[in-house]
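Presented below are the structures under discussion, each in the form of structure tokens.
First subunit A sits with subunit B, and in the next complex the same chain sits with subunit C.
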Partner chain A sequence: MGSRLLAALSMCAMALALAYALTVGVFSIYIPIELRPLAKILVTSAYNESTPLFSSMTPEIVTAVVWDYRGIDTFFEVAVFYVAIVATAALFRGIERSAPRTSVGLSTIVRTVTRIVALMIVVVGSAIILHGHLTPGGGFQGGATIAVAVALALVAYGLAKLVEHRIDYETSLKVRSLGLLGLSLSACIALIAALILNTNAYVFQNQPKTYAPIGLPYAVDGVLISGTVLLLNIFDGIAVAAGFALLLILLSQPEDVARERVLSSEGGE
Partner chain B sequence: MIEGVLMLVGSVLILVGSLFDLLAALGLLRLPDLYTRIHALTMGTIGGAVLPLIGVALVAAGWVELGSYRWYLAGAAIVTAILILMLAPAGSHAIARAAYRARSPSPSYVVIDELAKKVRGGGR
Partner chain C sequence: MDLETFAKFVINVVAVVLVLNAAIALYGLLARPNLLKKIIALTIFSDSINSFAILIGFRLVKGFENPVPPVITSVPPSESYARWFLAKSVDPLPQALVLTAIVINLAVTAFLVALAIQIYRVSGTLDARTLAYEKARRGEER
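This part shows the complex of A and B:
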């Protein structure tokens, strides 16, 4: 009894000490006043209307670095994710179209709440994608958020119900391919325009540069869209959401259906 | 005047919420089995998360120095509170249902179990 009392007292003492430290501010974070040189460059060039040739016109600096300064780097990072999905699809080949006959799902209470919350999750994910050039977040984060809605629906309703509503392997594969195509096209959009107008341009070009005068408008009707950054975010979000949905649908195939399918394709035992 | 009242009520709500959290933690430690512990847990989420979030909304609404941003803070807190109010009972319900269907041992204090006839007789 004595040791438990001691443990309880020490826990209380720790909680009080933490509360004191958080209130009075013992854990103050050291913020340097002077910016480092790299930070100076990024802060002055990420969104600066007075130097349009050196600016990415994206107020959110992380997104500016990810999709403008180092666009090709990010493209290959995205490609690694797609290779992982392709590898999973190859592992599950042959059983991806075998939907279960019935699915039970969870109780009515959980299903009703899921129906409300899944819609809200999709809305929040879309907001994260569409504000990718203004606030922290972007295509990948928003797409992963939307995929949470698919995961919730898979648990609450079961796979057969989703397949009934055309959220299946085929649809997510098509949507993912659409997103990838859009991503590649918006990476080359300045290049295509330059080929037509017979000037120079770079791959992943966003704003006009010195020897490449082609660039996308960074604002439409006063609304900041940051050129290709918004397009890349939208298509990346679509592709990531559909890719995660594809993975979740593949991984939630019931084992008995899969085993039956594999054994029959190998000609018995 | 009204701002001071809002901040006072909000602080009281946050304080009450922390008491609920303490009670829920004690309940998780002391209660004997899964179903009663889920009761303590849900009390902790509703009383210890929804109530303080409403308190946070009131405090933010009463904090004049924040300018117009206080309405964003208050709105976000209210929306989060409503979401938790919907999600926490559904989650607890799903856990309790899964435990019942997985035939987790029935507590000794159960006198009558109406669900047993339905579940074992009529299938799902």
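This part shows the complex of A and C:
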């Protein structure tokens, strides 16, 4: 025990000494006192009514970068996320419909508390999604929060009860596809409007740009919606919540049935 | 030690600790035989790298007050607010990159856990040494 404490202390001392050497030595980490030029552009143009052609009209600059300035990057990162989920579903093929007929679940106290808390979690998750363009948060965070409600219900009620209420593999797959479809459509919404009105537009266009005068209004009736950012956040939240629900349902299949299916499909070995 | 040197020293301590954390996680990733522990080490590794990216986006403010998160809280921003915000806001770009990286990391972790469960169902163990030994033994039988 003493030697472990000594090792931990020496490690701390080494970290401090190394940090001191970095601070006073020739080799040091560059910590800017001014913003970098690119960050300066982002911070000044994210919500700026005087330069509407360069602005994304989103007060939350991280969301503005994620869904407007670097929208296509985020779209492909979302694609990576869904490929990971599809890979998990493919790995568990054949065992997704092996839910038990009945499940006991936990005690009445746990189930009642879960019923109250799950509703509150869904409300908080929805608030995080809907305020994604105003406060820190958005589709990813809100969707992950809503998936926590599904995880709680899975533990407290058991899989059979959820399947009875149609929160199963099929439904989450359908909802996830709906969210992805909405995401693709809201990415192309300016393009579709431009095709109808016979002008030019870009994919992932939010506010009007030079030579592309089509753009979504950033405020409706005085309420800030930041154009496509709100739509993208909502659909991304739906898709992420359903994707995580899908993962949780797949991971909570009954082990005995799953093992039997897997071993029988490995029969050739 | 003046205030600027002290601020840089504190940030350097965080940077060194994060690098050490990543090194320990890398050791766990390579040396631990249990696949689940390898996954945990991978999560710690990617989280320390993500924190390092956030640290790169950090900045110092003149007078060494706290910087503010990159969220405009007064809409529409007045000119004086915009100037104050530009002087105090941190870099939003690393945060935006880390935001998506965390979600992808979570999905990849879920995939790796599913893979580990499937390996356990087929072979009854998660020990990488036993798995390699079993594979070699099976190869000899053929």
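FYI, the second predicted complex is superposed on the first by the 222 of 269 C-alpha atoms of A that agree within 3 Å, B and C clash if a C-alpha of one lies under 4 Å from a C-alpha of the other, contacts with A are read in each partner's own complex, and residues count from 1 in each chain.
Criterion: contacts are C-beta pairs under 8 Å (C-beta built on N, C-alpha and C of every residue); 3 or more make two chains touch, one makes a residue touch a chain.
These figures come from a predicted structure and were not determined experimentally.
S.K.: Considering only the touch criterion stated at the top, classify A:P52 as touching first (subunit B), second (subunit C), both, or neither.
M.R.: neither
S.K.: First (subunit B), second (subunit C), both or neither: which does A:V104 touch?
M.R.: first
S.K.: More residues of subunit A are touched by which chain, subunit B or subunit C?
M.R.: Between subunit B and subunit C, the winner on subunit A residue contacts is C.
S.K.: Tell me the contact category for A:V240 with respect to subunit B and subunit C: first, second, both or neither.
M.R.: The second partner, subunit C, only.
S.K.: Taking the superposition as given, does A:V66 touch the first partner, subunit B, the second, subunit C, both, or neither?
M.R.: After superposing on A, A:V66 lies in contact with subunit C but is clear of subunit B.
S.K.: So in the superposed three-chain picture, is A:G94 touching just subunit B, just subunit C, both, or none of them (first/second/both/neither)?
M.R.: neither
S.K.: Given the touch rule stated above, what does A:P217 touch, subunit B (first), subunit C (second), both, or neither?
M.R.: Touch status of A:P217: no partner.
S.K.: Would you please give the residues of subunit A that touch subunit B in one complex and also touch subunit C in the other complex?
M.R.: Shared contact residues on subunit A: none.
S.K.: Can you tell me which positions in subunit A touch subunit B when the two form their complex?
M.R.: 104, 106-107, 109-110, 113-114, 116-117, 120
S.K.: Going by the contact rule set out above, which residues of subunit A touch subunit C in the complex?
M.R.: Per the stated touch rule, the residues are 11, 15-16, 18-20, 22-24, 28-29, 31-36, 38-40, 42-44, 46-49, 59-62, 64-66, 70, 73-74, 77-78, 80-81, 84-85, 87-88, 91-92, 135-136, 138, 140, 144, 224, 240, 243-244, 247, 250-251, 255, 258-259, 262-263, 266.
S.K.: Taking the touch rule as given, give the residues of subunit C at its contact with subunit A in the complex, in rising order.
M.R.: Residues 5, 7-9, 11-13, 15-17, 20, 57-62, 69-73, 75-77, 82, 85-86, 89, 91-93, 95-96, 99-104, 106-108, 110-111, 113-115, 117-118, 121-122.
S.K.: Can you name the residues of subunit B that touch subunit A in the complex?
M.R.: 83, 86-87, 89-90, 93-94, 97, 124
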